[in-house]
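Paired with subunit B in one complex and with subunit C in the other, subunit A is shared by the two complexes that follow.
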Partner chain A sequence: MSLRDLNAKIEAGFLKFIKNSKILNGNELYIEINQDNIPELGVYLNIDLGCSLVSLFATDEREFNHYRLYYSFAERQSGSLIILTSVVDQNSSTFMSISTTVHAAARYEQEIHDLFGLIPIGHPNLKRLVLHGNWPEDNFPLRKDFPLSHKPQTVDCISEFTKIKGEGVFEIPVGPVHAGIIEPGHFRFSVAGEPIFNLEAQLYFVHKGIEKLCEGNNPEKCYYISERISGDETIANSLAYCQAIEKIAGINIPEKAEYIRVLFAELERMTSHFGDLAGICIDVAYGFAGSQFNMLRAWSYGMATQLCGMRFLRSVNRLGGVRKDFISGKEKSLLEQLNKIQKELEDTVDIIINSSMFNDRIENTGILDTKIAFDLNAVGPAARASGIANDMRKQFPYAAYPKLKFKVPVYTDGDVNSRMKVKIKEVFESINLMRQVIENMPAGKDFERLGPLHPHKEAFGITESPRGENVHWVMTDNNGNIFRYKIRTPSFCNWPALCYAVAGNIVPDFPLINKSFNLSYAGNDL
Partner chain B sequence: MINITYLIVQIIVVIAIAPLVNGIIKKIKALSQKRKGAPILQLYYDLYKLLKKDTVVSDTTSWIFKAAPYIVFTSSLVAAMLVPVTTMLDPIWLAGDLILMVYLLALGRFFMMLAGLDAASTFGGMGASREAMISSLIEPSILVSLITVGLTAGSTSSYQIMEYMKYVDTPLIRPVYFMAFIALFIVTIAETARIPVDDPSTHLELTMVHEAMLLEYSGRGLALMELGASIKQLTFITLLANIFIPHDQLILISGVGAVVLSVLIYVIKIVFISILIAVAEVSTVKLRLFSIPNIAALAFILSFIGFMQYFVLGR
Partner chain C sequence: MRNSEKIEVTMFKMLKKIIKYPRLTQDYPNKPLKSGMFIGKPEIDQTKCTLCEECISRCPSEAIIMDSSDHTIDINYGSCIFCTLCEEVCPEGAIAMTDKIELAEKEIRSSDQSNELIESQLQAKIKKVLGRSLAIREVDSGSCNGCDYEINALNNSINDIERLGIHFVASPRHADMLLVTGCAVRNMESALIKTYEAVPDPKLVVAVGACACSGGIFKDSYATSNGIGTVIPVDVCIPGCPPQPQAILYGILKAIDRIR
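Right after this comes the complex of A and B.
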């Protein structure tokens, strides 16, 4: 179904609601409706049409006396986005919550409540999410009248967690400081002995104000900020940002740059997956396999260093393409390294899949139910291990992916084993993709120059990061600078899914399940 | 006089060798992962460093927390005194037997579990409850396998068992001893918090057993706990080495030379068994916590088969 057919279908059913609709950037259908009608149309899109809610955000447009909400739904068959927009009155500051029916909306509504001070009416659990209790109640950092340099006073508070009552039920508080060198996060387990009834994760200890930081800045500077959203998703995030800006500028990037972008994106995926696989093995004390995967990861970093002189792949992209031709002259060495990595990986995988003790640990551990995964819009390898074949590289094709051949591995068990297998298969696909890129590299320019951006333009940039789909949205202001930059990373979607996957397992299996999801704390808390 | 010499030799050898076992096991694990690994003597450096450091004690703890390291260390050391490293010297007393050894170690463990609970931290209680579960599962196998060996020797004193075993021709090809050896080997792995029962090198508090109880300790308390644990480990390895692979019958000389030679051969056997343990660790994966009863059942069945075979096959 094309976007126009979809539009016609929605208009047929809901014409009386629609105040205005427009198609931008080829695949983004913006429909403006009244706030009161959002629940009805949202449920229609989510439940009846099966579109998943991929982002929900607000903008502060009080120069026009309102806030505006954007509900973005992804129609995955045709690769199009349906964005319901509605204004929220600046005096009442309330909007209708849709999270009792569109469950994925719950966290977004909490986020908007914290950062904009808009109140979702009917939200089932409106506790603070992004800002903890020690932040004053009336400071809303993403409002335009909140200065970036403002440091609010700390307020005394006690954190509230869901209490589970019953004989022998205990709470185990873990974190935010952990024993290993990992990011901060507080986990509150409700347990009876070892089995876990409920896990509540309090994250957002590393709020950096990235979205606020970008506002009013020029697009070039924000590129560098976008690279630093999450340390191991540099390419995925900067690519999403670049794609949004390139759509606003209305340019097509050179084919060669598209290919180089794919190579780096896949290199990043491979490196990240090796880290996850090593983590899974080390968590069950499988030292041999753990160090094999860590070695492979180090080899991948070696490739990155050879290509761009930087393991974390910063400053590879640029607006309009890539910074330079990183590949030419290194093709032979790259192919040799890919062969070496593939061979070592095949050998390692052969050994570990035959280890019955290891399989006993990872099978049936941390099962994420398909229905829950769909309702929460779980993304990436976690969703693909639960039977949901979502991959933005196929559904919203970008860069050179439509020209390359690759498979999207899907498993249906939803346990640690499935997530691990998905990641192993994806690494093989990544190696395959990198080979295709090197062999089919077109000639041409590295980048296209961008002029100043048009004012009041908006666009989405979507990529598939190692952790899953990455949805960025950029709107320009009067001067062509950034008015609002909304970043939705895959970790934001998968954290609630993790809490569901953990329930019913035993406490000592939590680190393993957590590692199989491998979510980013910094990338979740912008 | 000879008894005091026994005491001195025993204490020096046990304290000097115990941390070496950890070093060897860690080194072999590192080599299996293509790493250089820490020096074999690392635990000695760590203990020296810890003994020099201040201790930090939580305000919420009672006397148990402060007393536990001394109790754990002392009970391990006294238990180690009951298992001679060489039979060339008469032990201090014949009254103390293997059953006393098992329960001296249990006393240390009991106080370690109390200390884990005492600080009321998140992980100490989890570690203590898991330790209680594992030790109660593994205790029958220790007793049955040791009593089986004791039955053949006609004594439960480790010195007398070792004296007897010297004259048994290659014990490990005999089913009774072989079963008891394997059972005791599994017991050793479980008792010393090694893979597949526990992971001594993990940083994940939620999965820890032994380490979780020590999390609150620092400085001298931690050093004593660590040394106590490694002495306990050496005691089990000494049982394996000196009962099932006796060596003193090979030494034909007597006097000081014989003792030195005997201790040297003992050290070689300890290294050999440490390598066996390291191989077992490298080739397995940590079990799911609720699968540990399976391995405990395996150890018990093996020891029980050995026990039955004593009655069927005799010695």
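Right after this comes the complex of A and C.
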């Protein structure tokens, strides 16, 4: 179904609701409706048409006496976005919660409640999410009248957690500073003996106010912030941001830059997956396999260093293309390294799949149910291991992906084993993609220059990061600077999915399940 | 194939790999890094600089500053995110990225004479107590996770930090040194202070990366501070965004005076 057919279908059923609709950037259908009609149309899109809620955010438009909400649904067959927008009165500051029917909306609504002070009526759990107990009430950082560097006085308030009552039930608190070298987060396990009844994750310990930092800044500075949203997803995040800005500027980037972007995106995916695979092996004390994957990861970093001198692929992209031709003259050496990595990976996989002790630990561990994965809009390898074949590289094609051949591996068991297998297959696909890029590299310019941005334009940038779909939205202000930059990384979607997957497993398997998801705290907390 | 045979074949394949890759560890710092490997700090050629201030206005982390006393432009490496933009935009070609990554510097905490004496005595005592072995506790106080991945890389077979008698421990109570990444964000502030207080004296604090040194690109937001130095005392700062594992190792060794 094309976007126009979709629009006609929605108009046929809900014409009386629609105040205004427009199609922007080719595949973004914005429909303005009244706040009261959001639940009905939201349920129609999510449940009847099967469009998943991929982002929900607010903007402060009080210069026009209102806030505005954007509910973005993805129609994956045609690769289009349907965005319901509605204004929220600045005096009442309330809106209708849809999270009891569209479950994925719950955390977005909590986030809007914390950062804008808008109250979702009927939300089942309005616990603070982004701002912790140290933050005083009635201070809402994403409102335009809140100064960027204002640091409100610290107050004391202890966070409450879900209590599970019963004989022999006790709680295990873990974090925020963990025993290993990982990012901070607090986990509250309710257990009876070894099995976990409930896991509640308190996140946002590394909340830096990235969205606020970008507001009012020029697009160039925000590019460097977007690279640093989540350290190991530099390309995925910066690419999503670049795409949004390039759409606003209305330019097409050179074909060569598209190919180079794919090469770096796949190199990032390969490096990240090797890290996850090593982590899974180390967490079940399979030292040999862990060392093998760590060696492969080191080789991937070697390729990155050779290409751009940066292990984390910083300053590779730029607005309008890529900074320079990183590939030319290195093709032969890159292909040799890819062959070496592929051979070593094949050998390693052959050893680990025949290890029955290893398989005992990873099979049937941490199962993510397909229904829950769909309801929460779980993304990336975690969703693909639970039978949901979503991949933004296919559904919302970008850069040079439409011109390249690759498969999207899907498994259905939803356990650690399936997630591991998805990642292994994806690495082979990444190697294949990188080979195609090197062999078919077109000639031409590295980047297109961007003029000043038009005021009051908006666009989405969507990429598939190693962890899953990555949805960014940018709107420009009067001067062509950033008015609002909404970042939704895959980790935001998958954290609640992880909490479901852990329930019913034993405490010692938590690190293993956690590693198989490999979520970014920084990408979630912003 | 019977199960026992399968295990034997797998074991044989593992042994083959172990023999094929006996040792991957690089002998840094005894053997210096290959030149030109990494993008390191930018340097300004003052003879070419015309003070046009283009780099100052474009630098995303406000690391380039005009020194008003002698009218020169300087780079504050603690703030620099090594993004290469200054090299790109300088109309005179006066700024060039180098491959220097060994940038860790000791913090000078106080200019007061008597404090300096106490400081040097304390340093001598720390060295005596810690000897040639060092236990480190890592704390992420709000990084993008890049620095944490690089610290993790110190434990892999390429860097293998334990060959130098240095190891990471699970509890701050077992640690001699805190290795802190991130810009001491509001929600981590009390956890960072508690972790610092849990480390027994004498102790060292090393700030890893631009965020920990100065707040980096995230400075001056409602939720961040301008470096961990605003929350706990810092001994050594390691610039970089993120610093390479060898740059972090260099900083750790510098903190315990094993590198001058």
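Everything below uses one rule, namely that the second predicted complex is superposed on the first by the 526 of 526 C-alpha atoms of A that agree within 3 Å, B and C clash if a C-alpha of one lies under 4 Å from a C-alpha of the other, contacts with A are read in each partner's own complex, and residues count from 1 in each chain.
Definition applied: a residue touches a chain if its C-beta (ideal position, glycine included) is under 8 Å from a C-beta of that chain, and two chains touch if they have at least 3 such contacts.
Being a predicted model, the structure only gives us computed values, none of them experimental.
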{"item": "Clash or fit (per the criteria above) of subunit B with subunit C on subunit A", "value": "fit"}
{"item": "Apex subunit A: angle to the C-alpha centres of subunit B and subunit C, given in degrees as a multiple of 10", "value": "60"}
{"item": "Contacts of A:Pro136 with subunit B and subunit C, given as first, second, both or neither", "value": "neither"}
{"item": "Residue contacts with subunit A in the superposition, subunit B compared against subunit C", "value": "C"}
{"item": "Which superposed partner A:Gly50 touches (first subunit B, second subunit C, both, neither)", "value": "neither"}
{"item": "Which of subunit B and subunit C A:Leu148 touches, first, second, both or neither", "value": "second"}
{"item": "Which superposed partner A:Thr305 touches (first subunit B, second subunit C, both, neither)", "value": "second"}
{"item": "Partner chain(s) touched by A:Glu220 [first = subunit B, second = subunit C, both, neither]", "value": "second"}
{"item": "Touching partner for A:Phe358 - first (subunit B), second (subunit C), both, neither", "value": "first"}
{"item": "Which of subunit B and subunit C A:Gly209 touches, first, second, both or neither", "value": "second"}
{"item": "Partner chain(s) touched by A:Val177 [first = subunit B, second = subunit C, both, neither]", "value": "second"}
{"item": "Subunit B versus subunit C as contact partner of A:Ser291, first or second or both or neither", "value": "both"}
{"item": "Least Cα gap, in Å, left between subunit B and subunit C after the two complexes are fitted on chain A", "value": "5"}
{"item": "Subunit B and subunit C contact sites that coincide on subunit A, given as residue numbers", "value": "179-180, 288, 291, 295, 355"}
{"item": "Complex contacts: residues of subunit A adjacent to subunit B", "value": "172-174, 178-180, 193-194, 283-288, 290-291, 295, 355, 357-358, 360-361, 365, 506-511"}
{"item": "Subunit A-touching residues of subunit C, taken from the complex the two chains share", "value": "3, 6-7, 9-10, 13-14, 17-18, 21, 24, 37-39, 58, 60-61, 81-85, 88, 99, 138-153, 155-158, 168, 170-172, 182-183, 185-191, 195, 216-218, 220-224, 241-242, 244"}
{"item": "Complex contact set, residues of subunit A against subunit C", "value": "132, 134-135, 141, 146-152, 154, 176-177, 179-184, 204-210, 212-213, 220-221, 223-225, 228-232, 234, 275, 288, 291-292, 294-295, 297-298, 301, 305, 308-312, 314-315, 323, 347-348, 350-351, 354-356, 520-522"}
{"item": "Subunit A-touching residues of subunit B, taken from the complex the two chains share", "value": "29, 32-35, 122, 126, 129, 195-196, 199, 201-207, 282, 284-291"}
